[in-house]
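The structures come next, written out as structure tokens.
Below, chain A partners chain B and then partners chain C, in two separate complexes.
Up next, the complex of A and B:
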């Protein structure tokens, strides 16, 4: 693996445990600015634990029990709560599978988004300015009528629109690193294709690096520079996307790739 | 296998409407007709809100249709009531998307698998254990799983139990409503292989509701594409890539290739309109790139453009796109 020079994030020998049970061990990778890495693997492989740990928000009593995650030289595993507050949202941010679950259901999107902008931006002082900023950000996500979105409650939007709002919020402060946990898994296929394209465009425009957790090998293949395959909490394979797809080394990766249904592939029936 | 198999299920001009406030109507299924042949996998694809779940519930007589017929071996099952309907349910069983929610968590697998047979008085007490073990073996699970509870199994194992339960009554049709979409790809692969083997051995007909076009193209014989309650296209699954309807093409274009081509799929914009506010003309007109004047005026009828290939589109030009 490459050295620390020039890399945005350097994860070394990372280990996570829940109670006494160690679920992730020996995970290591590096990410350059603007690079896209996909973590693929099946449910329970530990991929979500890894990115949650990177954002310092492991749930269910999980703790990081070994290794280091150097973000621009600072070890994320050793940060104080105060230091985290300065990082989250601005330097590192996250989008989840369902943004609707992240938003407060009884407040309009506008009031939550404006509050978020005002809390984190010193240059924006008034609600009116913040509202304008929200509209610009939503417009960038191809949301046709940003004003009406701000006036809506989360449940009034479709899943695809909610996910666009989540991405707009996550990228509001041009973070250096975006962590995306299955951002399109709950969406219809045409919506998924739209959102992946928009996400990738914005990430490229703003030079944000991204770690994408997905079980959709097709999505990983299309968006990422590097792929890391996980199983049972360990790294089975890590390398450039083309190498992983065309010359997988581990049997697990080979089996995983062979199970992906493709148009014009081998039929199950006559 | 012969192509001229017997028609097992025939749907004729099925309509299902739900009344809304203020006298408005939500049309979930709008005049749908199709035939399913015995022993084939008939796939119904479309995005959420296209009416596929309502269609299936209506086919199973869980909803009464607003109009139209569902003929099972020539008999209209929408007219069945009481005991006749209960007996009919033996012929059609279901496998649902979420195997964790499909079982009573307090029942052991033995009780889960014996229940359908006991409901119809088909199980002698002395043979109960043996029958359950045979069912488990038929879905490639160890016989001692009979003593487990659903939460002690993985998602793939639970889905196999769900298939075993559907098999218990030896139905002619099994409806799989997104039965593999919650599973990991390698597990999905093994479950689909199992379904294919059961079909070969027992001649079961599957109604396979699915949104994964790649999977459908590999597992089904026939595909019906729905949009906003209407049939857009029906064709042979093996020829799915020859689809002519702009909506089917958009669905195909949304599939991410896993070959490392690094091409982000280019697909249609926007989202499906509300079923309570259907466009006057073609249901797909609001999102179609090839939409012309007539599309906004008149809904296109299904026409046969090649043997077994039906398309509902005004555009008669062969499309070379994709």
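Up next, the complex of A and C:
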């Protein structure tokens, strides 16, 4: 198989079902180590379902009902809970739209971050060491005063800070694959640009491959090597970013591109 | 701080209102305590003696004067003398309270041991056999009246098997098992459902997905993430149960002849022992309002969002 040689993740003919309703079908793509792929599409097109399914965290009674997702040759759809424990949060990790909501509201950020560090690192034994590690990781995300962040509850931080905490946590173990679910959709535009830049820098530094889910084709164009356009649970278009931008085949992609505002006669995506 | 003071003031107003209402009710109730007191001593009484006793007891004074002198006494710890026992009301209440406190503590412990694991088990195995089993148990438990469960226990474990005493005149470890178990079964039937509902609700929260995505084990998620959130709604319920138990569960205390405050209250009512009834009702009101106050104040401890300038 061609996937076995160079690719990190090979998704084939993926299908997801919620109850009796099939919402995603025939999704396929491949990702090389360190590559960035954007999943673009409107709300409800199934893009979030795809990456949640990849992490085995489909909510709301959703199940994977067809296809395969080979991660370094192993099919993620067939993994046992035991095998998942070694992968999830470590080799594969996820950034959510609102990290604040994904953290326990009644526990301090520090206690949850330390719990996470201790869970996956065997070299770090004490809480004190783990706390230091957390501070280093938060510092890498340009968060001043990491100590006070560790002592805060999720609701006490601003959206941008929470998102930086989420990124720091997701990249704590240099995962091979990062799944980012609209990581900037809940933020204001200035913060969005900063966070995207920081995320990209850190992903490139650690050689992590990333699947970025976004409805903003402008962002996708800036950051990704490949783009996959989804609509109604199916793949409309998939290819290298340059190809998609310069010669979009589907009308939907053309519309998406046309919707990006121009600045000084040049589209942001160029 | 301001919120705490406000709550304390509110508590005081409630207590004054309750004491006044209690006093009114017993004042208006039919039956003359002076007569009851004299009849209890088995002598034939003349109108003169009755009037004399009424005067001694202060029953011939105007209503408000009686109320004021009673409240004045209460504040200084003197709730009057029980007509029937000829002892200070405070002493009578404290005697009964020891038994009630033990019973409340042990039955709450039994209840938690029973309903927490079963409720969680039921939630994590939703719509599978453990869930059905727990639901049937709680349905049956809620449907049976406590006195009936109590009598059943007495019959089986007391009379037939002879494992536990049938009546307790003092507080003993062996004597507490059956009444506490009866109360625990009754409360558990409600709590199991409550724990199940709360845990199910929390299982669908985003933070659980987040914790799974970080690779935490299901057990860790349950005990360290879901439970800290689930205790919040349970605390309210627990406060109400503790209030209910400390007010004396009269029926259970009667069935098991348990020397508790509920038993004291029933006797006081039968004897029309006004000072003791008033003392008892005031006692229940104090317990309820204080526990409510504690529950309110404890929210801030369990939910940081309330403590730091969140919702007041």
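Heads up, the rule we're going with is that the second predicted complex is superposed on the first by the 259 of 270 C-alpha atoms of A that agree within 3 Å, B and C clash if a C-alpha of one lies under 4 Å from a C-alpha of the other, contacts with A are read in each partner's own complex, and residues count from 1 in each chain.
Quick note on the criterion: a contact is a pair of C-beta atoms (placed from the backbone, for glycine too) under 8 Å apart; a residue touches a chain by one contact, two chains touch by 3 or more.
Being a predicted model, the structure only gives us computed values, none of them experimental.
**Q** Given the touch rule stated above, what does A:256 touch, chain B (first), chain C (second), both, or neither?
**A** In the superposition, A:256 touches chain B alone.
**Q** Return first, second, both or neither, reflecting whether A:89 touches chain B, chain C, both chains, or no partner chain.
**A** The answer is second: A:89 touches chain C but not chain B.
**Q** Is A:119 in contact with chain B, with chain C, with both, or with neither (first, second, both, neither)?
**A** Second partner only.
**Q** Which of the two partners, first being chain B and second being chain C, lies in contact with A:169: first, second, both, or neither?
**A** Second partner only.
**Q** Determine, under the contact definition given at the top, whether A:105 touches first (chain B), second (chain C), both, or neither.
**A** The answer is second: A:105 touches chain C but not chain B.
**Q** One more residue to check, A:57. First (chain B), second (chain C), both or neither?
**A** second
**Q** Between chain B (first) and chain C (second), which does A:12 come into contact with in this model arrangement: first, second, both, or neither?
**A** Neither partner.
**Q** Chain A residues in contact: does chain B have more, or chain C?
**A** The partner with more contacted residues on chain A is B.
**Q** Determine, under the contact definition given at the top, whether A:153 touches first (chain B), second (chain C), both, or neither.
**A** After superposing on A, A:153 lies in contact with chain C but is clear of chain B.
**Q** Once the two structures are fitted together, what part of chain A is touched by chain B and by chain C alike?
**A** none
**Q** Okay, in this complex, where on chain B does chain A touch?
**A** Those in contact with chain A are residues 1, 41, 47-48, 155, 184-189, 192-193, 195-196, 199-200, 211-215, 217-221, 238, 240-241, 250-269, 271.
**Q** Along chain A, where are the residues that touch chain C in the complex?
**A** Those residues of chain A that touch chain C are 52, 55, 57, 59, 84-85, 87-90, 93-94, 96, 99, 101-108, 115-116, 119-120, 153, 155-156, 169.
**Q** Residues of chain C touching chain A in their complex?
**A** Within the complex, chain C touches chain A at residues 204, 206-207, 209-217, 220, 224-225, 228-229, 232, 302-305, 308, 310.
**Q** What residues on chain A touch chain B, complex-wise?
**A** So the residues of chain A touching chain B come out as 42-43, 142, 158, 160-161, 188-194, 196-197, 200, 215-219, 221-223, 241-242, 245-246, 255-270.
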